[in-house]
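Note that the chains take the letters A, B and C in the order they are written out, and that residue 1 is the start of every chain.
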Amino acid sequence: MSFGWQALPLHIILVSVVTAILIFALGEQRQHTRTLLNLAGALLKLLLILIMLLAIQAGATFEFRLPLLPGLDLLLHADRLTMLFATLSALLWLVTTVYAIGYLEQSPNRARFFGFFSLCVAATMGVASAGNLFTFFIFYELLTLATWPLVVHRGTPEAFAAGRLYLAYTLAGGVLLLIGLVWLHTLAGAGDFIIDGSLAPIAAGNENALRGVFVLLMLGFGVKAALLPLHSWLPRAMVAPAPVSALLHAVAVVKAGAFGLVRLVQDVFGFELAASLGLTDLLAWMAAATIIYGSVLALKQNDLKRRLAYSTVSQVSYIALGVATGSVLATVGGLVHLVNQGLTKITLFFCAGNYAEAYGIHKVEELDGLGERMPVTSVCFTLGALGMIGVPPLAGFITKWHLGAGAITAGAPWVIAVLVASTLLNAAYFLPIVQRIWFRPLPEEMAQRHDRLGRIRRAALITPTVFVAVASLGAGLLAGIPGSPLFWVVRLVGVEGP
Amino acid sequence: MNPTAVIYVLTAAAIFGIGLYGLLVSRQILRQLLTINLMGGGIFLLLITLGGGAEGPPDPVPQAMVLTGIVIAVSATAFALALLLRWQELSGSSEVDGDAVTDAVTDALDDDE
Amino acid sequence: MATPLQTPLQTHSTMTSEALVAVIFLPLLGACAAVMPGRFPARLGIVAGLLPLPGLLVAVTLAVWHDGPAWLELGGWAAPLGIRLFVDPLAVLMLWMVAIIGGIAAAHAWFDFPPGTGTGQKFWPLWLLLISAMNALFLSADLFNLYVCLELVTLTAIPLIALAGSKTAIRASMRYLLLALLASLLYLLGVALLYNATGTLDLYLVSDGLGAAPPMVVTTALALISLGLLLKGAVFPLHIWLPQAHASAPGPVSAVLSALVVKTAIYLLYRLWLWSVPATVAAEGALTLLAVLGAGALLYGGVLALLQERLKLVIAYSTVAQLGYLLLILPMASSSAWPIAWQGGTYQLLSHGLAKAAMFLAAANILHGLGSDRLSDLQRLDQRQPLSLFALAMAGVSIMGLPPSGGFLAKWLLLEATWRSGQWWLLAVLVAGSLLAAAYVFRILAATLRRDDPTEARPAAETRSIPAAQTACALLLALLALAAGFAAAPLLEFIEAGTPGTWSSP
């Protein structure tokens, strides 16, 4: 156990924890110090991650190990998948922090909000850098604890009802996960679970036990990843403030679940073993069902944020679908969607938040003609929507192209049908919104109103929105150049993939 | 076991039984206290009997136990009486609402406010 | 007389022996000093009675760590006539809990019961006696000596509850006292029968005599002793006295009652069924029965905690529930997973003690600050008493068994043990119990984050400020409960060395 350079993943987590503690300690009033602290924490974290990224490029390895129980260690390390998720989260956290500072300008309980916000990201970093499932579980549960106060932040009865549902799902999922882990531990004995193919030697004779473990773990991760039928907490959690929704959907919670599924298939079981037990088919079918079901429900939503929420339910399952399909190309598609969906969905949530804050607009039908009133936000929204649909050459297209191509190499052409259906549905629930924004006239009474934002708040809300919109645009347009998400994922799969 | 011992054991059982019955039927805290003392008497008698031994000198260990037990019973009773007095001062009644032994204590602590 | 113990027969160095005796007698002497009028003797008594305990325990721990469990014959008198003390890892763990929780709770009580004045004059002698009695209990190896210690614990704990002075407190004290008296009589009767059947009172020699004794008498005796202990330990369905007694006591007293005093009875149940009656034929059914009671406690206590409207009652019912975990491990005593189950059980003992004491101290702070501990009066607590809420929440994490906390590691070990031994019903109970715990803890937390209801006429009461040190006491215990989630490896190694059944021969 060393706390030095080797323990950099730990320090990255601690940066957020310390930020959180300082924010709690500062109290409600010291607004400027808090803002400064928030930004400093986010920047420092990003900086450390970049340093780690460069070091890993140069061949360095990182590992921090603390024995918790006999044979069970808290293990933090950094592989390429870690870096993919960690970089994404740290970047989006910085952006979301700026956005949240603007969004919550006048509202009460900001110290509490930003404290838990930081803790939440600390937990996400822990999930990203967990070196075994035991550690993964610890941070996964910590994430539940840290996000609950954010979900109930508004303190209204609806918020508490959503919080109860959120807890009911996530804690029950945590229990399934825990049981699965204990089972795996008794099967595989002491050791780090995330090692390629470490389960293969014990697979003979334990097939059904391993199937049981996989299903338990899949359900445990599936709750946060909003897999059908474990998704219904997610739309309800929309009562939370917009930055929280962005965080839940794009950066932390849903992603932690999807990330868990990736780890489960790729690192814990290994694709070969999972496929030979028939487990990847199960996951692929569940993911496909979720994709279609989420899209269909999204069609019916009139509330903008709820429509986005069901869209998330649908889109996150692309990740699981890609990983479960298994061929290199499909895996690339799934993993790159981790990033693409994050960037695109956070853009959409920021835009929804902007509409709500500027004019109090929450419903789809109230968006008529807003393009002329809020052109920047509306352009960003349109970019996000088109990206989600998968219009070439935007980010969603990159995902779907790889998924589709990968499905054919993997001999699972039905995936193409799912993709086509999903794309049509995506278009069906996003294009009408875009059409309303740009091609409907502004209603009379809207023409009289002015937005409620001051200059500084507008800057604090618009800047991050533009930033993530441009980033999501870049993830699609520039997918071919070195440094793009696709570039990273291809290298990642090339080195570590099945 | 010799006949005397049998008589002692039966007496002890009877005293204990009477005490137990009293504890179960009485509603007054003072009576409950007395019945518990009665049960204690039965147990002490049994202890002495068991330690008596048919032949030879009696075993000193049970004697010591009974002596200690009596001391403890006396002090506990004294303390219970003090509590009871305090209760009467506060509530003006020597009865505790509900049965002290069997009543589930789920009611709130409203009367403190 | 032959002894069933293979290795740990040596008596440790005199220094260790003296440390053990001092652990019992320093608080006792402190109590004597605290009775004297004036502030100085009281303060001296408290400081001299409590402060040296950790130092002494370091010596004891090191000795047990290196040389294993040991006997100490007081005054050189051998068993069966003499009084023997016995120290092993379990006893050491309990002594540490008394020293740490008792010490921190005492620091908290210092402000509400200033030594040497007013109620402090009554409080501190009782407190120090209670500490001394518990230490003596954890070290005693003699069933009758244990009876005396149990009585001392009861007779010092109950007046401490009554010191709260309210009607409820007095009523709860009386109920507790009557039932405790009844329990003592049952215990005493059982001990008398056991002595008659086996000819010894020594907890660790009883097993020698069991073979020759009439089975009926032994069974009756064990049943009576267990019944008495279950009543004192507030094990479901004999818990009826606990919630109100623990909820109406002064804060630091509640903390010690829930974290330590009820554990004395559980500790004796362990000693009785795992040491005195090692794996005899009759034991299997009895252990399962005890576990069934534990399961009942876990579920019933959890549901009732969920229904309470007052913070301290929620916490008190949570104690009823959490005690259940400690009995759940018993049926695994004969399985190969027993060392894991034992580690899980004792780790639960420790983490629950720390977390529960933290919760009660935090609740005491909240009650002081707000003048009420109704859940409906806790809104905006995060603004009004953030640090107490923080302590409450961190302790709650451990109670729920969520990481990172001692409670989580305990739950993991328990789950692993149930899984390895194939006791599926225990697994289901564990899971249900922890979900119930999550429900009642989050119910508290939700109540504290609510905003003021604008339609309600009554605004939130002004918050009285409380001494920073009292807040610090609650926080410190809560932090320890979380820290237990990181420091388990050496602790568990120590505990494992004392697993019952591994070092005593059949």
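Going forward, a contact is a pair of C-beta atoms (placed from the backbone, for glycine too) under 8 Å apart; a residue touches a chain by one contact, two chains touch by 3 or more.
The shown structure was predicted, so the numbers you read here are calculated from the model rather than taken from an experiment.
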Computed over C-alpha atoms, the centroid farthest from that of chain A is that of chain B
Innermost chain, taking as reference the mean of every protein Cα atom displayed:
C
Suppose each chain is reduced to the average of its Cα coordinates; what separation in Å results between chain A and chain C?
43
Whole-Å gap between the CA centroids of chain A and chain B:
66
Averaging only over C-alpha atoms, locate the centres of chain B and chain C and give their separation in whole Å.
26
So, in the complex, the side of chain C touching chain A is made of residues 382-383, 386, 390, 397, 402-404, 408-409, 411-413, 415-416, 419-420, 427, 431, 434-435, 438, 442, 445-446, 449-451, 485-486, 488-489, 492-493
Mind listing the chain A positions that touch chain C in their complex?
24, 27-28, 66-70, 72, 74, 108-109, 112, 137-138, 141-142, 144-145, 148-149, 152, 155-156, 160, 163-164, 167, 171-172, 174-175, 178-179, 182-183, 185-186
In the complex, go through chain C and note every residue touching chain B.
80-81, 144, 147-148, 151, 154-155, 158-159, 162, 166-175, 177-179, 181-182, 184-185, 188-189, 191-193, 195-196, 201, 240-241, 243-244, 247-248, 304, 309-310, 313, 372
Listed in rising order, chain B residues that touch chain C in their complex are 23, 29, 32-33, 36, 39-40, 43, 46-47, 50-51, 61-62, 64-65, 68-69, 72-73, 75-76, 79-80, 83-84, 86-87, 90-91, 96, 100-109, 111-113
